[in-house]
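Structure record follows, encoded as structure tokens.
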Amino acid sequence: MSLSEAFSREPAFVPYLAAGDPSFEASLAYVEALARGGADAIELGLPFSEPIAEGPTIQEAIVRSLEAGMTPERFFEFVEALDVEVPLVCMTYYNLVYQYGDGDGPRPFVQRAAAAGIAGFVIPDLPAEEAGPLRRACDEFGLDLVFIVAPTTRGERLERMQEYVSGYVYVQARLGTTGARDEVSDHTEESLARIADWEVPKAVGFGIKTGDHAQRIVSAGADGIIVGSALVDIVAQGHAADEDTATVADRLEAKARELKEGALTGARAVQ
Amino acid sequence: MSTNSFGEYGGQYVPEALMPAIEELTDAYERYVRENEAGFIDEFRQRIRDFGGRPTPLERAEQLSQRYGTDVYLKREDLLHGGAHKLNNALGQVLLAKYMGKDRIIAETGAGQHGTATAMAAAHLDMPCEIYMGKTDIGRQRPNVFRMRTNGAEVNAVTTGRGTLKEAISETMRDWARTVENTHYVIGSVVGPHPFPSMVRDFHALISEEARDQTREQVGRLPDAVLACAGGGSNTMGTFHHFLEDDVDLYAVEAGGSSLSVDEAAGVAPNSASLSTGEEGVLHGSRTKVLQDSHGQIMESHSVSAGLDYAGVGPELAHLVDEGRVQAVNVDDVAALEAFHRLSQLEGVIPALETAHAFGYLEQEQDTLGDLVLVNVSGRGDKDLETVLEETRERDLSIAPDMEIFREVAGGSL
Amino acid sequence: MSTNSFGEYGGQYVPEALMPAIEELTDAYERYVRENEAGFIDEFRQRIRDFGGRPTPLERAEQLSQRYGTDVYLKREDLLHGGAHKLNNALGQVLLAKYMGKDRIIAETGAGQHGTATAMAAAHLDMPCEIYMGKTDIGRQRPNVFRMRTNGAEVNAVTTGRGTLKEAISETMRDWARTVENTHYVIGSVVGPHPFPSMVRDFHALISEEARDQTREQVGRLPDAVLACAGGGSNTMGTFHHFLEDDVDLYAVEAGGSSLSVDEAAGVAPNSASLSTGEEGVLHGSRTKVLQDSHGQIMESHSVSAGLDYAGVGPELAHLVDEGRVQAVNVDDVAALEAFHRLSQLEGVIPALETAHAFGYLEQEQDTLGDLVLVNVSGRGDKDLETVLEETRERDLSIAPDMEIFREVAGGSL
Amino acid sequence: MSLSEAFSREPAFVPYLAAGDPSFEASLAYVEALARGGADAIELGLPFSEPIAEGPTIQEAIVRSLEAGMTPERFFEFVEALDVEVPLVCMTYYNLVYQYGDGDGPRPFVQRAAAAGIAGFVIPDLPAEEAGPLRRACDEFGLDLVFIVAPTTRGERLERMQEYVSGYVYVQARLGTTGARDEVSDHTEESLARIADWEVPKAVGFGIKTGDHAQRIVSAGADGIIVGSALVDIVAQGHAADEDTATVADRLEAKARELKEGALTGARAVQ
């Protein structure tokens, strides 16, 4: 299934986890639990040592994953080991993409990702201006390249991004870094309005925490929701409390259901 | 491919949320800094003179000249307000933020030099200011924390990672991503996304503008070689800029630390020699030479000098090194410590430990640098006294003065 | 009666063994300093420019000007090499010693500012140097001891009395009495026997020479009032000298300490306001105003600022006060501490605690000083940060920034 | 007996003690012991808080005396209480002289000193250049004013001093401050030669410690010897060891005899 197909039936629920957090095995179980809970696509974080776009929750997940030995190669093995049907998006920073293989730009990384079954990329430190080489490699191997539209993105920048984006567009609900919040930002509707005529699905992320949030976002017109920190929090708490993998996985699955349900409710409200 | 590049280096690798600010900044840079719109550059020059103390002198170092049989001249950035070249940039950027209508300043700091310079500039221009600093650095750079607080700046502790400069930069970028609409991020060296590397260089280029005129006036010709230490490379680019077109050898002296080798497993490079040993990569918004492991994870750098202790370097400098226009060289911790003492004892100028690296290279290569050598004294060493004392004692360096006096007076331990 | 006098003040009250040296110095002063023999003054001016960083800027203090509805200008001696006006004198005297064929330098120091300036100048001119410092001061001014040692100077602990400046001066005079044939004593202020008060003033008079020109050039007229702090009075006389013939009010701001009263029994005056409250007497070689008890024993002075903490004052300044040409005023510890924070926060200039007294007076008398006020920033406050933090906390001053950040990071006490 | 008379019969021994060290009473006993031991004149120190011409030994004596409550007024009482026949010289610093009484220059101090029975003054921080007012007061009340000739004193300075000096001239044996030394300086003979034609007696001081020193100094042509630190040392040691006054006084008397004896031996060698 392609990424845009994942959004075609109903509002999509797109969870994020850092791959390998807190261990390779547990993380496989967690990602699979999310799929069971109704994920339509999954963003898998490949951890980078300088995650400038992340808030504290995901930063800590990245540290746990790195300390457990995660590398780009292990990441691909992780993807290959996963037993899920939904499309997988690799979320990472550009230096890892750039360094992979013989150093010949992003192509080796994309080739390897395609082979492992990755459907697309989100690279938070790669604005459209710098995305040419990666876009070309993605085209060559048939992968999508997702861009983030920020509340501050306007005019020409939107046009350039529209040209490059595929799979879905990641609408950043508010300024700042990733992290769960109690309030849903007003920026969302405005942002969605600005890109109303884009053909790719519009997924909103940053700060979504509950089914209720999800519902409101979807009723505001989003084609899907992206949820990271609220899920990573569950992983972190389980890790801190030394709970067994199955317990944490169940909790993730339940949270996934709540969020997916919220999204569906939101969609019904719109109709 | 981005046009904001120095050869293969440079670019704007930042989160989308920041891009509009970066574009706004690029526009402001072009108009105010490059074209002196609204008299920005005039005001900058007047303030860096009256508030900052420019021009800084060019001094003939008599004892060093005699020691090396070479005319050695010092460009005295240590005399700039705050004690280092840093204010050129901090004042320029805070002023620019004012022209841009921003009403809040943030900055990262490692050793605290850029943080104190920014806090001073912000107080001077009546701008609220917050400085991000790693908690490890806060612990070991108390006096600079006092100075920032005394100038009215907030200091925010960064607790991620090892709690040093690299983490502080990342954290400041996060703040900026949140507050970009009213906030300007005053980055501390010629690093980061375009236009920072060019803009920071332009503010510091006063160094070489003056030094070039001063050498011609005082000596009647241009130097054969120009030396500057290089961490991020801001004093370096500032010192080199106006000599780029001249027949003058340029040496960027990096921190060789304790060794040029790296420990992949621990993720540590016990040096900060990114120009000499780093690989092309993307860090903190630009493509440049970076200390990284084979996967592309950034290494923890190390140098006895906190201000050089950074895994990246300015993209323009990386480019000039690749082009062969600038020589990337390095000296180790011991050579820098010895040079610190040498300059202090022979010339009555206590240099910053960063600066001492350039003098370490001068000592090593005294015979090959020509007849007229210019060294940038990027800062003063008051901030480093405790560190030097400790590091010198550990290594039992014979050039270092003893501190028996404290034992004498205290009748006990130091 | 001696002719080396300022009215009733001045003279040469020193042991006979020193008199020949004093005469030799008087002769050298007349020839080299007053008459520029052998180009002494030309060399001094060139060195204080290239090594010291003169001229120092005159800066309009925007926030203070706004606060007081008065144009406030700062003469930035804090930007001189070493961080205070002290180098003007130290460099001048060490150079003179060289012209006189001396081959050893001694000096006293209290807070360490004069000692560090002398150590720098001696290193610069390749002269062996020993500094006398009270053992109490060595304990509380560690960084300045480091600096002196780092510049290659010996530091000799003075263990007599309370172990502070007064004892250090006496001890240096004793060394001089022993070594006078090859040694020059670089006294640290406009005190001591003739020709020191005149000579030290002449070296510092560069301050007012520049400031007078700068005010005329930048503002188009002379200031209504000129303020400088006064301990021994060297920055004071330097700042006043070229304004003496002008229609400009001159204010010497002394340390009022915690109280202007004295404790005869304990021999302590909790202030250093010798111009305001002292009596004529003879101390350290000259007749001047002195804090003394009814028997003529010298009192222990006290000020939160170590550099003002002295029981005497320069004889010329005492004379100018008696003549009514200079107003002797004072502000207390609290006003000085508050002024320290005010200037740091409003202008981005962290002043020495000594300097802060002048700004304390400006705050108190803002309405009576005229439309154009010049304040000498005699030094920077880096050296005072720990003291200010402590003294501010004790007094719970609301203007002071909190230092919670350390508690946050350390998870505990400061 | 006048000061110059004290030197007229034989080489004079002139000891110094700080008055009131370590207490008023003990100090009286010590001074009297020196007289018994053969002193021809005695220098009594009136302690000043900034004794710039003194070495550590006498500095400490001054501190002890000040701490025991010595003041100029007490000093005069001390002089009045002394039971000795030899002339007494007040050694102090100019500020105490200057401040005494109604502040009208040195006159009140000299007047009071004369009344107490003081024969003259040594003021180490008062060179001839500044000595006019004190010289005039001394003349008025018939007191002597002793000056110190340093090894560095030459030419015009000597002439000026010769004009002002009376009682005796204090020949400083070497550069530096007061304090006992093991060596006798070579400067002494040169200094004595420079003032050979002066009419006042020449007493040599600074560093004399033993009868042997005394002998050599006198044989070099001195009319007398001045000894301070070597005696103050005895007071200090007695004080530190908490010995009784009589014991210390005996030791001082014995030391005085040794020094006087040395001076006499030196004089015989010259004849």
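A, B, C and D are the chain letters, set down in written order, and residue numbers restart from 1 in every chain.
Keep in mind that, in the parts below, a contact is a pair of C-beta atoms (placed from the backbone, for glycine too) under 8 Å apart; a residue touches a chain by one contact, two chains touch by 3 or more.
Just so it is clear, the model here is predicted, and its values are computed rather than measured.
Chain B and chain D have CA centres that are 65 Å apart. Note on chain placement: the centre of chain A and the centre of chain D lie 96 Å apart, centres being C-alpha means. Remark: chain A and chain B have CA centroids separated by 37 Å (rounded to whole angstrom). Centroid to centroid, with C-alpha atoms defining each point, chain B and chain C lie 33 Å apart.
The multi-chain contact residues of chain B, meaning those touching 2 or more other chains, do not exist; every residue touches at most one other chain.
For chain A, the set of residues that touch two or more other chains is empty.
Arrangement of the chains shown, judged by which pairs touch: a linear chain-to-chain path with two open ends. Pairwise, the chains that make contact are A-B, B-C, C-D. Taken in their complex, chain B has these residues touching chain A: 1-2, 11-17, 19-21, 23, 160-161, 166, 170, 173-174, 177-181, 267, 279-285, 290, 292, 294-298. Residue ranges on chain D touching chain C, taken from their complex, read 48-56, 59, 63, 66, 71-73, 93-96, 98-100, 103, 124-127, 129-130, 132-133, 147-154, 157, 161, 172, 175-177. Against chain B, in their complex, chain C makes its touches with residues 49-53, 56-60, 62-63, 76, 78-81, 83, 119-126, 135, 138-139, 142-143, 145-147, 149-152, 155, 157, 341, 344-350, 381-382, 385-386, 388-389, 401-403, 405-406, 408-410.
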